[in-house]
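Structure record follows, encoded as structure tokens.
Per-chain numbering from 1; labels A, B, C and D assigned in written order.
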Amino acid sequence: MDSIHIILYFISSILFILGIKMLSSPLIARRGNIISFLGMIIAIITTLSYVEYEISSIIYIFSGITTGGILGLIFAKKVQMTSMPQMVAIFNGLGGLASSLIAFSEIIKVNNTISFNLISVSILMSILIGSVTFSGSITGFLKLQSLITGKPILIPLRNYFNLLILLSAIGLMIVSVLYSGNTLIFYTLLGVCLLLGILIVLPIGGADMPVVIALLNSYSGIVAAFTGFIFSNVALIISGSLIGASGLILTRIMTKAMNRSLVNVVLGGFGATATNIDSEASDKNYKSGSSDDIASLLEYSENIIIIPGYGLAVAQAQHSLKELLDVLENQQKNVLFAIHPVAGRMPGHMNVLLAEANIDYELLLDLDQVNEKFSQTDVSIVIGANDVVNPAAKLDKNSPIYGMPILEIEKSKSIVVLKRSMNPGFAGLDNNIFYNEKTLMLFGDAKDSIDSLNKSFKELN
Amino acid sequence: MDSIHIILYFISSILFILGIKMLSSPLIARRGNIISFLGMIIAIITTLSYVEYEISSIIYIFSGITTGGILGLIFAKKVQMTSMPQMVAIFNGLGGLASSLIAFSEIIKVNNTISFNLISVSILMSILIGSVTFSGSITGFLKLQSLITGKPILIPLRNYFNLLILLSAIGLMIVSVLYSGNTLIFYTLLGVCLLLGILIVLPIGGADMPVVIALLNSYSGIVAAFTGFIFSNVALIISGSLIGASGLILTRIMTKAMNRSLVNVVLGGFGATATNIDSEASDKNYKSGSSDDIASLLEYSENIIIIPGYGLAVAQAQHSLKELLDVLENQQKNVLFAIHPVAGRMPGHMNVLLAEANIDYELLLDLDQVNEKFSQTDVSIVIGANDVVNPAAKLDKNSPIYGMPILEIEKSKSIVVLKRSMNPGFAGLDNNIFYNEKTLMLFGDAKDSIDSLNKSFKELN
Amino acid sequence: MNDELYLILIFIMAMLLGYELIKKIPPTLHTPLMSGTNAISGIVIIGSILVITSASSLTVNILGFISLVLSSINVFGGFTVTDRMLEMFKKPKKRDKD
Amino acid sequence: MNDELYLILIFIMAMLLGYELIKKIPPTLHTPLMSGTNAISGIVIIGSILVITSASSLTVNILGFISLVLSSINVFGGFTVTDRMLEMFKKPKKRDKD
């Protein structure tokens, strides 16, 4: 690696920085992504330009990139927008595994002899963080995809146990430096770290999963930076730290929006005990309406705010919703969307969904902007959302979501809720707003409900 | 210099970064300044901890810091807030000279033998930029202090001449590398660069001086970074680049607020030709009032916006203004301040001035916030401002300030202008707003006018 | 000589810069941010190539190959899916606003 | 080995970081920003000390001394005057706002 290669790597890092910076506005974000991609291409070409080839390595490289590239493209074209959380989880996992394999190869190359210096420490850290990221992400993926239960899986004394495993991993790392040259230690280390990743994620409930995924995203960046230290490569170091920072900030935004601490999330168990719904729930009364009732209510309303939630994503109802929007706007009604920072299962989940349906992002208001508007609102339509409009977050000190800022729909003149049942949302909590006398429930899958609403509305006009 | 010293230098850089970051809010800005100072102390102590001393160097260092420190403190305590532009100019100059002397010493130390590498290039660039910064800043200071005329001093063909000098400086730098070992070349280079600094600043009019000073501020940072390359010192490199970025951004903010380009400013001559005021000016009518007239106007007004300008600073009328504010607020009137980004002679000049008089910065609105308020304003009081309220910037395509955004006071119900005469402001332009039928002029020094206004107002109540 | 130390400093500077940049990204774009950084994390592809081209044994070659495939999935999948997402944000249709 | 190059990279990273940080500083504080950066530019005091302690001749000693005095003025004058200015911004008195 000559100076010119370092400079080229730096240029590619600058392109990553620029690409991320351009994500600050939806108008230029797409170009930003292309710029980042350009940075990646430059980094790859730079690498290919100074390494020495044998014929076999050319084959490995060519076939590896082709295989991975094709798999990636297929994946990218097929994945549903609603499955973004799962996709991010998998990609994190792949990145983590790749880094940890690279570190492993480096160890084999130096015949397992490592000592206390930056490269060795980076190798060990890559193995640790890389494999935790891998097994943790895969566990998270399985939970999100409901291949294993989304509920927290609680092993007694799990936190002490995890701590013990972490300490033994660190112990193994120290041993590997002291008794350098022993392969077995590294395999043990790898195994212990993989176990740790699984055990860390298992007790975390589904609602907290996105936080964990953002955290693992951050890890996948940090491990890339460590890989950078192994090869003294600025492109890896800089882009790794950018990803690390990004994941950390997203984690913080989410925990803040949920009024939880990161420690509280990581210690796990959230939502495991909260499922015992208030027993009086069934005694309380709620009103349920037909789509005709709601259509005529909307007919006489001027200002409408729609609150989308996770159910919208599950039902894939965004296109029907766009139709409803068009119908309402044709009637000269003011329709806005209230986007809670943790609505759905990923930061910005709702935004992507609505953008997919071609709904103008200027109609999307965030928490601060929208909460002062509810008092002038005629109807708030809640579509597949629950926790983000649960007043318990403000009123009930014992509620697990107490302190989380919510969308204050109870200020609006009437409320319509589209969901399938009286079942709770992700936090597993009953929601008093459903029993409010202003509230009308419309039961059914969100897509079906919106479609019939559209039909009723058209029949009215 | 060991690793530990590099780390300490880096810590001091991080403290500078933190200190600058804390300038983002007035509430923590002062603590930020102290943190930067701490960074400086760490950098100094770190340096003292690893250099080797002779008895003589201890004396030099001790007496040098003491002398400079005492001079600096005296200066800092004595300087008037209104003289900030001059002070910044001088400090820039000192920094530039110090860097260029350091570079010069390094040349002497290596017996004038330099070659084409980072250190030599940095030495040469330090001499170039350092001495241009020095002589340019001093020239700027003399102009601001009116020790030489503030008007542009226009030498014919000056731009070609300056280019020639710059080219010969670069030529000398190349020669110094080729025929290394010749002292004379460096003295010539120094002389040429000093001359260049003077000639660059002379043709620049007083109104553009703050832009030039911000630019020289940026230079003083860049030269510090070059000094850093000479000594491979991260503290110098990082803090130098922070200062460089800061100066550049301030320059851009100012040129943008004046709707000029940096090139246009640097080429100079602005304001030299614009002084031939519209000859019809004297034919136009204006109304002038007494302080009693204005006091009774204010008596019946509800919403008042005050527009401070350079004249407020000259007259040192900020404390009287605060008194006026108190009097008006006691009468339950809504008083706000409209701060134009280039009011006064420095970015943020008015803010510092009003803060000095203890006026709450929450009352200070900037251009965007305030322009929509004027239509609901009863009286706009312009105090020693002129260009920032000149409608020619919007209407007259031939005006040199055309395109500069202004405070749109003509939308308010009435206008009061406090200044000493019908003389133009810094851009040397007549201002039609003074002849508007809504406008009442109150002639006199701003402080005297405000004081008599206060008196009249008190007599009314 | 001080190479490693300077690389660590670059790492820290990049963290700080990343922090400032990402704080400014609006919530609207947080999902694309996540998948975009995912794609960038495919930069370990460089490491995979370096492993393969300096491989001393078949094991190393295979490890390198696997990590190359994984990181290529990240790169090509990540950028494509992010592009797909961002395309949706591209042009909000013009509307008469109040 | 690549020391100098890495220092240049650090320089560029610091520029970018500085840009992001300073863009966010409100106009209210632009004058303190100028005098504050003035004070920080006194960091060349390090260079002056290095010149003096490695001085080979009286000329160098004198040059170093002068630059030491100048940069000390910057440091002590700059921070003090900035502090004086910022003190004024410290506590806006509480007022009942609409």
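The rule is short, and it goes like this: a residue touches a chain if its C-beta (ideal position, glycine included) is under 8 Å from a C-beta of that chain, and two chains touch if they have at least 3 such contacts.
Small disclaimer: the values here were computed from a predicted structure and weren't measured.
Q: Looking only at C-beta pairs in contact, point me to the busier pair out of B-D and A-D.
A: B-D
Q: Among the chains, which one keeps its Cα centre farthest from the Cα centre of subunit C?
A: B
Q: Roughly how far is subunit B from subunit D, centre to centre by C-alpha average, rounded to an integer in Å?
A: Using C-alpha averages as centres, the distance is 16 Å.
Q: Report the inter-chain centroid distance for subunit B and subunit C in whole angstrom, where each centroid is the mean of the CA atoms.
A: From the centre of subunit B to the centre of subunit C is 41 Å.
Q: Where the centres are mean C-alpha positions, what is the separation of subunit A from subunit B, in Å?
A: Centre separation, subunit A to subunit B: 47 Å.
Q: Find every residue in subunit D that makes contact with two or more other chains and list them.
A: 2-3, 6-7, 9-10, 12-14, 16-17, 21, in rising order.
Q: Can you list the subunit A residues in contact with two or more other chains?
A: Residues 17, 232, 234, 238 of subunit A touch two or more partner chains.
Q: Can you give me every chain pair that touches, using the contact definition above?
A: The set of touching chain pairs is A-C, A-D, B-C, B-D, C-D.
Q: In the complex formed with subunit C, which residues of subunit B make contact?
A: Going through subunit B, the ones touching subunit C are 3, 6-7, 10, 14, 17, 232, 234, 238.
Q: Report the residues of subunit D in contact with subunit C in the complex, numbered from low to high.
A: It is residues 1-3, 6-7, 9-10, 13-14, 16-17, 20-21 of subunit D that touch subunit C.
Q: Given the complex with subunit C, which residues does subunit A contribute to the contact?
A: Its residues touching subunit C are 13, 16-17, 19-21, 23-27, 29-30, 32-34, 36-37, 39-40, 43-44, 47-48, 51-54, 56-57, 60-61, 63-65, 67-73, 75-77, 79, 81, 84, 87-88, 91-92, 94-95, 97-99, 101-102, 104-106, 108-109, 118, 213-214, 217, 220-221, 223-225, 227-250, 253, 334, 339, 341, 346-349, 351-352, 355-356, 358, 360-362, 364, 366.
Q: Can you tell me which positions in subunit D touch subunit A when the two form their complex?
A: 2, 5-6, 9, 12-13, 16
Q: Would you mind writing out the residues of subunit C in touch with subunit A in their complex?
A: 3-4, 7-8, 10-12, 14-15, 17-19, 21-57, 59-61, 63-90, 92-93, 95, 97-98
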